[in-house]
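The next part holds the structures, each set out as structure tokens.
Both of the next two complexes hold chain A, though its partner changes from chain B to chain C.
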Partner chain A sequence: MALRVLGLTAPSKKPQPWWWGVVALLALFVFTIPLYLDVAELYSISNFLVLAILALSMSFLWGYGGMLSFGQTAFFGLGGYTYAVLALNTGETTSALLIAVLLPMIFAAILGYFMIYGRISDIYFSVITLVVTLILEKGIRATSGDQYVIGSVRLNGQNGIPTTPSLQLPWDAKAQLDIADVFYVAAGLLFVTYIGLRLLLLTRFGRILVSIKENERRSELLGYDTRRYKWLAFVIAGGIAGLAGAMWGIWGNFVGPNMFNLNQAAQVVIWVIVGGKSTLIGPIGGTVAVQYLTDWLGTQGVGQVSLILGIILMVMVLLFQQGLLPSAGIIAAFAKDRLGLTRRGRAS
Partner chain B sequence: MDEVAIYAFQIGFAFAILILISLGLAVIFGMMRVINLAQGEFLMLGAYFCTLITQSGVNLWLAFLLSGLAVGVFGIIVEVVIIRWLYGRILDTLLATWGLSLFLVGGVTTLFGPQSESVAAPLGRFSVGVYGISQYSLVVIAVALALLAGTYALWRYTRFGLVVRGTMQNPTMAAGLGIRTWLVYMLTFGFGSALTGLAGAVLAPIVGAAPPMGVFFIGKAFITVIAGGQMPLLGTISASGLFGTIDGVVSYISSSVVGEMGMLFVAIILLRLLPLGITGRLKRGI
Partner chain C sequence: MSEDVVLETRDLEKRFGGVRAIAGVSFKLRRGELRCLIGPNGAGKSTFFKMLTAQLRPTAGQILFEGADITKLHAHQIGRLGIGIKNQVPDVYDGLTVHENLWLAASAEAKPTAARAKVDEVMARLELGPLAERLVGELAHGQRQWVEFGMVTAREPKIILLDEPTAGMSVEETNRTAQLILEANKSATIVVVEHDMQFIRQIARYVTVFHQGAILAEDTMANIQANQTVKDVYLGKSGSA
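What follows is the complex of A and B.
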């Protein structure tokens, strides 16, 4: 209802022809950004785009699979570290990027098997994923000694790996991508992920996933093995988060234990909750808005960003549970109703 | 012989730490079903109160009690402002308390700075063979056992405990019998917070007080309470026993990080085998 007011349709419906138009226009807009912005701005926007991919993985899993995984940062960090370690060891980045997607998927498959096939309840699922990312962070932080080496790469504990190489062209290892190129790659991957997820939700798999979110027991009684679908969704989301992590390493030429930490995990939830989890496009907007705000606050020297993130999270949960965009829709619908602008209002 | 004693001590100490950090959570999450992700920050507040109170010249043992009380009052405020509006909406509670947790970390860092404050550990050390053990760690074990016994007695033998257990089991029925359930929820949350604050104060001489300290404990606390299952006290004891043994032994052999990873590993496998936790199959009780 609220979405219809703003002219949005829920992604479980087939996209209208104009949707493709809107996406194409957006893509055109994003891809022309490098023409009129300087390198520093481009650099920070690339960051938003990469983080939006992470937000999409969370939004897909939570908004459509009904699973609130706080551990998306675990896959994010794992993807980043996998990319850094492999690229530094082999000197070749394309396969490193692929494996940085694959390895988090395998990890998600194992973890998901224990959690989803163990049928632990939603809330335990959230807590366990959170604990996993916290413990991974602790593990990585403890690797500061000389003995923690994978191949020729030192893990460096607290300090992370600051020599993470940028992406090379697959056919020419000497051609390193510069900041503008990384922007294009990030934007391209974001669009591909968004459109891919949107289309995935239209398939049989996507529809069953949404039905499980709506009513798991009923879907199960209809004969679907709900565990398999949830498990697959978890693995897919893990892969997307891993991709985001590798891209983040490429973007900043750095991976570190902060990728796993609680603030990072909280930010992912805040992006999705601010954008509203009932659409896929909302969390992308939420990511850009919140990241822009935190970056801006960082430069203003207000001190503790987590103080402000905490307030945002509490206010959002207590007052605007649907997210800002859908909440605006609800308020608009209410206002229309009150002002007698809706058809029903006019008829009476 | 000394080896055996030191192992026993390591396990006992790990057990006591787990009991301390998860007892408050066992009340708040285990009994009330409120997921409080700010639990670690309640510990942190307890530790800060303890450092502040001892710095103003108050006796350390009294400071423990005062810190517990202070965090208890803080918990009651949190219940009234946030938790009360979210009963029954578990995920929203989780998100809101997460916000609270970030807010507290940010707030304490702003007030006291990011450096860690310390409290001088009281008492001396004694030796078992070639190993030295601080007497204070024996105090920690004693406090953990005392809190456990006290909480059990409160739930089991007092009228207040009876009312709380009844309300948690069936709030509508309790309200029908004339019990002010909102008050019961408020006091129970306050009690859980006070236990956590006291635990934080007791830990302060060992680990100090620093804004991010909550994060170090929250994971362990949740694993323990979840693996314990639906009986908050017995579950917490048995899970603490199991994980304390793993943590104590593995940490002693290798490092504390590996010990924690071992704990998580066992917890995940345990949940696959016993999805409802260790006490999941037992009858209801505490």
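What follows is the complex of A and C.
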């Protein structure tokens, strides 16, 4: 298998020691970024990091659970709005952030129960999740009147909530995090999510989840209630997407109905496809690459950013179906083979 | 023979549209038996197996396991009760290693340490040790069949259903499989669907003949071979060799 060339072992295997080394180096690199970049650059990189958390939620669900949820943005938006409404109502942000993770999980639990225990097919799963996020978008857009108030917070329909507060220190409500602080929090949460998911895949739960993606009927015949595992994975992914949504609100001091829209939903799929869903690290790279490109194209006056992104996606789907990272692995395997470096008797 | 019936079906029926694939099968399996199901293609053997394991819902009739009605249970509940099946098409995790395949099977029932021990034991018994870290999808057909057989037995089921366990195997592989089945029969009741008459003679004591979705005959191998009706519908055509 091509991924083995890059040392990317099967998810059930403990990561090799050097993996921890690479992660530590990456963390060191990311956490020193504020030392040599200015605030504006830091601000846009924070955005990538937050969106990468959203990409992880889909990558986990799709790449390891075999469930293509086209509407992870439903939980992303829900997380964002939950945070904004609670933080503005209570003036306290730590619990708002926690509940912004919990509420999307509860929503995912209810939605997932009907979809997964109802045994709908994969295609309907994708369609229903997409429709759910679009319904939420429409619903939020329709809240522009004065009567749409939660506590003291107006939902503002189209305009979103532009007064979403930044995160405070849990022990000091006056200490609001600035742009560099938010960068650290976003980077920290991304690393925690990534390592957490990587370790989750080592557990009994993770291994069974992967087996269901491989062959659900076999897992059932062995006696696993596959619905329970898929449902739990869906709930976990919902929580991660909710976390990303709340962080996005914190990052931009804004939440709006566009968090739920088709464009946003499709972008998550694009990040994961570009990065390659068979790894967790790939989609993080995919998110950063695609978002960086989007931003860069925006400043170049190209005008047709979506068109160019569309072309890139088509090239990816047609030429590098596995995504960037696994494709690099395939090329490395080929090169190794050609150079005769493959050890005899060992399948590469 | 004692009447300790472990599995029974009563007037089991499966219709696909207007076709009665299984037309009222009443079948009894005694504990510890090694039963062979034979019959021409389309006789309903695989459909019968799929109903026993809840992969298909019967249109009518009842399935009883140790006296309890299991007709309406889900596939995973059937698995937990201790009915294991190897489907006709190898049903394994192609993208995972041999070790992981067996671990997933063993872990369905056993605690972590017991599961690990079970995996080692199955690998030793099936001589899969050298292949432990290979992906199952990369293995030869016969080896994949054994991995699946290993998975079914690792679960320590009370009943093992094997749908064409020797399909695509060489003569030596078939002989080895026969031994494995006889060995597994020491702790489990086994039902085998096979076409290979040579193989059936090797293992069978008692044979059920399916024909057009119903049981045509049920007897010892010797009597079945002498049975004129069976010869007409089945053995006469493909099994006389």
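In this text, the second predicted complex is superposed on the first by the 331 of 348 C-alpha atoms of A that agree within 3 Å, B and C clash if a C-alpha of one lies under 4 Å from a C-alpha of the other, contacts with A are read in each partner's own complex, and residues count from 1 in each chain.
The rule we apply is simple: a contact is a pair of C-beta atoms (placed from the backbone, for glycine too) under 8 Å apart; a residue touches a chain by one contact, two chains touch by 3 or more.
Note that the structure is a prediction, hence the values are computed from the model and not measured.
**Q** Would chain B and chain C fit next to each other on chain A once aligned, or clash?
**A** Fit: chain B and chain C sit side by side once superposed on chain A.
**Q** Check whether chain B or chain C contacts more residues of chain A in the superposed model.
**A** B
**Q** After lining up the shared chain so the two structures overlap, which partner does A:Ile208 touch, if you call chain B first and chain C second: first, second, both or neither?
**A** Touch partner of A:Ile208: chain C, not chain B.
**Q** Of the partners chain B and chain C, which touch A:Val317 in the superposed model: first, second, both, neither?
**A** Only chain B; A:Val317 stays clear of chain C.
**Q** Touching A:Ser219, do we find chain B (first), chain C (second), both, or neither?
**A** Second partner only.
**Q** Figure out whether A:Met115 sits in contact with chain B (first) or chain C (second), or with both, or with neither.
**A** first
**Q** Looking at the overlay, what does A:Val269 touch: chain B (first), chain C (second), both, or neither?
**A** A:Val269 contacts chain B only, not chain C.
**Q** From the CA centre of chain A, what is the angle out to the CA centres of chain B and chain C, nearest 10°?
**A** An angle of 80 degrees, rounded.
**Q** Compute the least Cα distance separating chain B from chain C in the superposition and give it as a whole number of Å.
**A** Superposition on chain A places chain B and chain C at a least C-alpha distance of 7 Å.
**Q** Intersection of chain A residues contacting chain B with those contacting chain C?
**A** Overlap of chain B and chain C footprints on chain A: empty.
**Q** Considering the complex alone, what residue numbers of chain C touch chain A?
**A** Listed in rising order, the residues are 53, 55, 74-80, 84-85, 91-97, 100, 103-105, 107-109, 112, 134-135, 138, 151, 155.
**Q** Touching residues of chain A toward chain C in the complex: what are they?
**A** Against chain C, chain A makes touches at 1, 10, 12, 204, 207-208, 210-211, 214-215, 217-226, 347.
**Q** Where on chain A does chain B make contact in their complex?
**A** Residues of chain A touching chain B: 68, 111, 114-115, 117-120, 122-124, 126-128, 130-132, 134-135, 138-139, 141-142, 261-263, 266, 269, 273, 303-318, 321.
**Q** Quick check on the complex: what are the chain B residues that touch chain A?
**A** Touch residues, chain B against chain A: 35, 37, 82, 85-86, 90-92, 94-96, 98-107, 109-110, 215-216, 218-219, 222-223, 226, 255, 257, 260-261, 264, 267-269, 271-273, 275.
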